[in-house]
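Below are two complexes that have chain A in common, paired first with chain B and then with chain C.
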Partner chain A sequence: MLHPVQAARTVTQGVVVSVADFRSFYTWRTWSGAWLVRIVCQVAFYSLIGNMVGDSDYVIYVIIGAAMMACVAETLMTSASSTWDRTLGTLPLLVGAPVEPGFFYFGRSLMWPLSATVTTSVAILTLSLFFDLTWSPAQIALLVLLVLITSLSTYCLALVVGALAMIFPGARNVISSLVTILATCFCGAMVPVEFWPPAIQWAAQAVPVTHGLEAIRGIEGGTRAADILMSTSWTVITGALWFALSLFLFRRNFSAARKGTSLLT
Partner chain B sequence: MTAIETQRLTRSYTVKGKPDHVALDKIDLSIPRGEVHSLLGPNGAGKTTLCRILSTVLLPTSGTAKVLGHDVATEPQQVKRSLGVVFGGDRGLYNRLTSKQNLDFWASMYGLGRAERRDRVGRLLDRVGLAERADEPVQSFSRGMKQRLHLARGLVSSPAVLLLDEPTVGMDPVSARDFRDLVRELRSDGHTVLMTTHDMPEAADLSDRVSFIDNGALALTENPDVIGEIVSSKERIDVRALPPELRQEVIRVPGVSTVTEIEHGLFRVEAEHKEAVRGVLMLAIEAGVTDIARSRPSLEEVYLHLIGRRGMNVAP
Partner chain C sequence: MMRRNFEYSTVDLSGFGTGFRFQTVAMRSQSDTYFSLITSPFFALLYMAIMEYSGRTDLNTHAVIAPMLMTLWTAALSFSGEMISENRENGRLELLLAAPASFPMLVFGRLCACMLLSLPSFGMSYMTAGLVFDYWMPIHHPGVFVGALVLTALATAAAATALASAFVLTLGARIVQNTLSFPVYLLGGIIVPVSMFPGWLEAISRLVYLSWSADLLRASTTPEPVANAVMGFSMLSLLGLSALAFGLLSIVWFLRRAKELGTLSKE
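Take a look at the complex of A and B:
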């Protein structure tokens, strides 16, 4: 079942479904003209608040934090799209097919983190223009790469949320909102992680975006490359762990579906 | 080797706040390779449950089910690879994908490589008459077209065993006829087909054997022709426009047991033996009545006989 060629095929077909869903949501125009603009405005709004309560360093802190939270929120659309096979009636067919469910679901919602990578990068770079924040071409490349990595790692967490939403489809939006709010509060978006009690600080380490934010802020602040690399590694490692958990949970959902039937009707 | 074999196969559903509902009760069914087998039964009889179990979508509660010798509970991967399933209705497709993409999706899931997929998907679309709509999103399809796409989907892995769960419900007559041709082709290609249906003529027409299921229990498995004999070892003929005086004479023929008007102007004569039939025929022909047909009980009658007076809702 873990045959790499078959895994790639499974992910690819998931992506085909994801692209079709994405296209039914947005045209190129509505995506760039409405969705992208909306995210940029949202981040701009936070930056204005940052401007009122803090100095220019804090504004930059907030821009990056708010843009990454928009990335988290968009990526968590996975919570909804992981339930759609139930609605479509394709779930029983997937259960009956020789499919590794986690790979399929990895492809199934992949358009969200990819779209989020673009919106978040554009939001950061656009608002940088208004707040005297300059990025060298190398920094821009690194920024986009780190946003992509963080976005994909967050996606792995979102898959775990999706696996839970599959069991409680009615709660899919509540769960994803809750995760977004928790990440916004505790993962260093608006206030440093160190502000919170140790237990929360520890918990925040399990969330990929905590490390991703640190790495991205490192590029902006000119932190040592080794530190950036370290944060990036943690982003990837936590993402990989969430991915492993999602593989397990999707498998578990499929075998639960075989035992009972609530997932199949 | 048998294609499908179940032993004391039982499945119950747990519904909150209610006692467990037994949907399949100790089913023993054995279907040899290459057979087209129909499973007839009213709504709620357990047909879909059986298809779900055989296709590894659902686990048995107790008993065993094997497909080509592989146990659905302990060797699901082997079962999945040798079996295709088509659940009735028009759900279960990716509506935003085209019909070609839908088939390509499942062909990939069943492990086919790119070239093999292109070939097979093209052929299947052709076979179910959707080649011209290959690149249209499925959401624009009629119910019948979706059902045909489902059939193609079930065949995408070239399975040795195919399960069809009420494949023709809601199909237009032309599609249904094409469907029958398809099943005959599958049969001559050596596929084993287990088909559930409400449709007696369809089952009689296509199947090597027929089983009846009701309330989760298998009532009988038979050759469609033999079933007629079971219900009525008697001879029967249907005579149209039998005048009243002749009717009296017919009743007096030795061996004739009943004469009943089954619809306006059409009389059914039941007789104990061939001699009696001859007597009736002679009488009728002498009196100039020639609209005579020898009849056999339909599967429907057999079915009603077996299952009792229980209503047969042909709901979707």
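Take a look at the complex of A and C:
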């Protein structure tokens, strides 16, 4: 069942649906003229708060944190798109297909982390212009790469959320906005993780964006390459663990559906 | 005939109470209710953490008031999206139009009921700041606070009515719902007063009713007399009434066009 070629084919089929959905959701005009503007405004909103309460270092801290949280929010649209097959009535066909459901769903919503990589990178670079934050070409390349890695790792967490949303489709937006705001509060976006009690600090380590943020801040602040590499590794490791959990949950959902639960009705 | 229809639809208030009562019951089981409310205590936590961390606890009132304004606007975007189209898809629109009540006022009444969510939102925000950070926000001018809150709720319902008509007329609701949140929070000065913006941005922001609401609500928490209260209330009323007039008239225009084209029951 976990044969790599079959897994890749399943992911590819999911990507086909993902691209079709994305095209029906946005046109180039609405994506760039509405969605991208919204993300830039979101980061601007927080950077103005940073500007009101702190010094220029804190503004830079907030710009990066806010942009990465916009990335989390966009990636978590996976929560909604994981329920669409149920709403559209195509879920029974998927349940009957001889594929590993988690791989299909990995492809199914891949448009969100890819779009989030672009919107987040553009937001950081745009706001940098207003707050005297400069990036060398090499830093920009690393920034975009790290945003991509963080988006994809966060996407693995979003797939777990999606597997839960599939069971409770009415709560899809409530769950995703709750996860987003929890990450914004506790994962070091606006205040350091150390601001919170130890139990929360420990819990935050399980979230990929906590480490992704550290890595991106390292790029901006000129931290040692080994430290950046370590944070990036943790981003990938936590993402992989969430992905494994999502494989299990989607398999359980499909298995339950085959036994005749309400998932198919 | 058209003219009579127009007057009947906009001036008659009978639909308002029905819509208000219906929505207070209906929204208890709607996910939009919980979507609008759930983030309120966490935004309070986040903003209070920012103030505490940066040593600007003098701005705590900003942190407590902003989540309530965010809830109002989120509710406006969430509930207005399908307020008219769901009636159309379910085949109820013709029945509602045949009823002896104004449909536009029914929509406005329903959206006003949605604004009741500001109360639990403020309660959660206030309690979060109090219980977690031991900051119990004082309200030195309760009259100004209550007046600003009521007018803000009405203005938001008016803006939501305009959005409801826009959604059914031309725009894709989902994209607008996803897009209009943070730009409005930014221009509405819900946490950073628009007076701190550059001149050109402040001028634009003053056209967003929330900028007047936020100023009045924050001013009501300070011991000093509220400066420019008359100006604030006047602008809030004016902008709210403009949105309401636009919303009601565009619903009437949509209904007239749908009747002419025979598309009342079509998507």
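The working rule: the second predicted complex is superposed on the first by the 265 of 265 C-alpha atoms of A that agree within 3 Å, B and C clash if a C-alpha of one lies under 4 Å from a C-alpha of the other, contacts with A are read in each partner's own complex, and residues count from 1 in each chain.
Everything that follows uses one rule, which is that a contact is a pair of C-beta atoms (placed from the backbone, for glycine too) under 8 Å apart; a residue touches a chain by one contact, two chains touch by 3 or more.
None of the values given here were measured: they were computed from a predicted structure.
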*Based on the superposition on chain A, does the combination of chain B and chain C result in a clash or a fit?*
fit
*Now for A:225: first (chain B), second (chain C), both, or neither, which partner does it touch?*
neither
_Superposed arrangement, angle subtended at the Cα centre of chain A by chain B and chain C, nearest 10 degrees_ = 90
*Which holds for A:244: it touches chain B only (first), chain C only (second), both, or neither?*
neither
*Counting only touches as set out at the top, which of chain B and chain C does A:170 meet: first, second, both, neither?*
second
*Does the superposition put A:21 against chain B (first), chain C (second), both, or neither?*
first
_Tell me the contact category for A:9 with respect to chain B and chain C: first, second, both or neither._
first
*Closest Cα approach between chain B and chain C after superposing, in Å?*
14
*Residue overlap on chain A between the chain B contact set and the chain C contact set?*
none
_chain A-facing residues of chain C, complex_ = 31, 34-35, 38-39, 42-43, 45-47, 49-54, 56, 59, 172, 174-176, 178-183, 185-186, 191-192, 196-197
*If you look only at chain B, which of its residues touch chain A in the complex?*
13-14, 52, 55-59, 77, 80-81, 85, 87, 89, 91-97, 101, 104-106, 108-111, 153
*Along chain A, where are the residues that touch chain C in the complex?*
25-26, 30, 34-35, 37-39, 41-42, 44-45, 48-54, 58, 170-171, 173-174, 177-178, 181-182, 184-185, 190-192, 195
_For the complex, give me every residue of chain A touching chain B._
1, 6, 9-10, 12-13, 16-17, 20-21, 23-24, 88-90, 92-99, 104, 257-261, 264
